[in-house]
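Listed after this line are the structures, all set down as structure tokens.
The same subunit A turns up in both complexes below, where it pairs with subunit B and then with subunit C.
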Partner chain A sequence: MTRFTSSGNFIISKQIPLGVNLTELMKNAVSPETNKLLEQAVFDSSRSSSDIGVSEATSLEDRIYQALAGAKILTSTFAMHLDDDWRCKLFSQLDSLHDPIEWEEGDKPIQKESFITFLRLWLFIRPAKRPGLGLSFNGNLIAAWTEGQNRLTIECLPNDAVQFVLSTELGKRIVRTAGDCDVDQLLACLGPYDPGRWFRRG
Partner chain B sequence: MATTHHRPLYPRPPITEAVIELRFKSACSDSNLVKISKSFKKHYPGLGKFTAYEMLFNVDDKGVSSQVKDKVDSYKLASNDQQEIILLSPRSIVISQIAPYPGWDNFFTRFERDWGIFKKKHKYSEISRIGVRFINRIDIPKSDHATEESEFLTIFPQYPSEFGPCNKYGLSISFLINDINCNFSLNSSVISSPIINHISILLDIDISREKEVPQNDKEIFVLLQKIRDEKNKMFELCITDKSRRLFQ
Partner chain C sequence: MILAAGFAVANKPIPDEHHVLRYAAWGRLRRDEDGQVIGILPQALRLRDKEPYLSVTWVEFFQGNRNGKIANAITATRASIGIKAQAKGIFALGNVAALHKTCKSQAVSAQVLHKKTASNPGHSGIYGLDKAENNLLSLLADEVFSELYP
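Now for the complex of A and B:
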């Protein structure tokens, strides 16, 4: 019998032949979550906050808090590549979007997968101008840049997908167009409309 | 105590999480843990409860079976920006800082403050382990040619060149650091990068003492400073100048 706790105590009370990698032996027999615990126990590392998840929230306020907290923790994954000042403003915008007093029943707080796409988009484009942020009814993050009559709105969907809508002055006409693509295709899709007007500092 | 003031070594350190953990021989009661968690409210307004599981594994000729034996209520407290975190369990306290890492002086000062708050409510229990863990992720921009680990790390797996570039690897090293009587363990692997057009390598360093563990503050703080110095030394030994340039 092998016994361990999530804090890393590891006791083997049944003899296992030398050379058998216990982690390998058990890897296929237990769930991914258990594997994580097992790895931690075998290496007996100090516990990291990413090793644990908190219990599922039940109240609306808790659900909003957890989604917001999750977004901020996700940001830390990218933090070494982000400007500190912008990160603080991003958090302030996220706080404002998740104000429980303003919250309407049925709205969804920010969705983790959408926020990952947003952060990846941000680091891929590295815009000098900061967008206004909003949330769609289903919790997708929306980023909007406005420069005079020229507007660009991007909804971040899961798995690096984005939907964009733009209106821009071409000659005397205002042209409107929309499309969807992956983050790494966005600049090519926006190419004909001079995307620098939204992303470059004026 | 007087500490040596260290400036952060890099403007953009690759540290995704820094952790100081103290473990205790005996468990504190759930009611005491609740009291302790409340005493941190001022600094960590966000509170979440999580459950740690004690599991039993049975390994025999028929395979492996597992069952959950006990569950232990624990608490995760976080600052508003979620960067400063405390995990409270009946047998441990974890002070964690997630990226961006503000430097050791800042992190250690927070540890001293929180350890002081913790001790006021926590009934004395012998400390059984002191550990410091730094999880680093080195994000390397993809280039036209295959990235060689040796360009960025001094520690990587060796395999026949006929294999070609590898997509994934994982390695684990542990040994005793005699000078400070601490266990050193390092786990390194290639992971999928959160950044587009990058590859990422994890360097997860943990240094801990489980024998002759100091019990008074002065000795605990001295040990932590020594561990920190060793951690920096080991990290620098594991990376190349090309890596260092990525953190500027």
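Now for the complex of A and C:
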């Protein structure tokens, strides 16, 4: 079910409980091998909530280091689905986002559940064009695709949820909208706006 | 830094024709796939928990020509929030009238008030963004705070 807010945003009600088994739709959409990875990611996300890999670390540098290490270990689970070039760029962007010099008071390093949502997002849309990454102050990874006025920004939340905001040229107008949905619903939500304009090359 | 006379009244609304400067940390910048910075993300304008207003610096509070005022506002902001010299975050400049108009288009009533602090005499706050949805924050990031300074 889709509902629109007063400002034109739309929200799709969650059809599956957060962090539990995959829907039949998802199972049919990806290969059995990918399904195993997705199920493993759901299992991982059901564990305790925290910065990735952070246990007893107290100093900022330690917490950042452990969160980054945790993200890279999680990525290795998906290694066969990420080409080497993208994996290097992903790690490089994550390192850059976690530079202590750039840290603002109160910022959190990347959160495990957000990063799992990002990896699952990647498996679902498999974009040819890669995003620029950002990090919210509460540790959610942000993926942004920008092509002039055509902009798509996706914030990866825990438990498969994403928040997206887009602007796109339709005729002479720039249309904007925003919404909340689950990873497996994202392409359906973006459908009316030709998501290939962000994800395709050329 | 020399301050312009006549503007040092706390909590005074900032005139529409004036500008405010927002610091966007490195993680809240819009980048292309090669990592080139091309703007700020909506998340750079999102209030943190219990934050009553969005902190900005009033550019015309400071003296000088346009570039001088901006440079002074950047210096004051850097000092007040302890931005390290090597930090690669950027400062985004926005016009107050454009901010009001954009907020109004999304049914949000915003106020930009001067809130002088000891460390930043041009410190100001944008009130009303606690009711802002992502669509509005995106509009503000793309169309109002679109002039960027390192």
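Note that the second predicted complex is superposed on the first by the 147 of 202 C-alpha atoms of A that agree within 3 Å, B and C clash if a C-alpha of one lies under 4 Å from a C-alpha of the other, contacts with A are read in each partner's own complex, and residues count from 1 in each chain.
Here is the rule we go by: a residue touches a chain if its C-beta (ideal position, glycine included) is under 8 Å from a C-beta of that chain, and two chains touch if they have at least 3 such contacts.
Model, not experiment: these values are computed from the prediction.
*Asks:* Taking the superposition as given, does A:191 touch the first partner, subunit B, the second, subunit C, both, or neither?
*Replies:* The answer is neither, since A:191 touches no partner chain.
*Asks:* Return first, second, both or neither, reflecting whether A:163 touches subunit B, subunit C, both chains, or no partner chain.
*Replies:* Touch status of A:163: second partner only.
*Asks:* Would you sort A:77 into first (subunit B), second (subunit C), both or neither based on which partner it touches?
*Replies:* Only subunit B is touched by A:77; subunit C is not.
*Asks:* With both structures superposed, pick whichever of subunit B and subunit C touches the larger number of subunit A residues.
*Replies:* B
*Asks:* Looking at A:65 after the superposition, I want to know if it touches subunit B, subunit C, both of them or none. Which is it: first, second, both, neither?
*Replies:* In the superposition, A:65 touches subunit B alone.
*Asks:* With the two complexes superposed on chain A, say which partner A:183 touches: subunit B (first), subunit C (second), both, or neither.
*Replies:* Once the two structures are laid over each other on A, A:183 reaches subunit B alone.
*Asks:* Touching A:171, do we find subunit B (first), subunit C (second), both, or neither?
*Replies:* Neither: A:171 stays clear of subunit B and subunit C.
*Asks:* Looking at subunit A, which of its residues have contacts with both subunit B and subunit C?
*Replies:* Residues 5-7, which sit in both footprints.
*Asks:* Which residues, counting only subunit A, touch subunit B once they are in their complex?
*Replies:* Residues in contact with subunit B: 1-7, 14, 16, 22, 25-26, 29-30, 34, 37-38, 43-50, 52-55, 65-66, 69, 72-73, 76-82, 84, 87-88, 91, 116, 119-120, 123-124, 160, 183-184.
*Asks:* Please name which positions on subunit A make contact with subunit C in the complex.
*Replies:* 5-9, 93, 96-97, 99, 101-107, 129-137, 142, 144-146, 151, 153, 155, 163, 165, 167, 176-178
*Asks:* Mind listing the subunit B positions that touch subunit A in their complex?
*Replies:* Within the complex, subunit B contacts subunit A at residues 12-17, 19-21, 23, 46, 48-60, 63-66, 69, 72, 74, 76, 78, 81-83, 85, 87, 89, 91-92, 94, 96, 98-100, 131-133, 135, 139, 172, 174, 185, 187, 194-197, 204, 206, 208, 247.
*Asks:* Inside the complex, what are the residues of subunit C that reach subunit A?
*Replies:* On the subunit C side, the touching residues are 25-33, 35, 38-39, 41-43, 46, 48, 81-82, 84, 86-89, 106-107, 133-139, 142.
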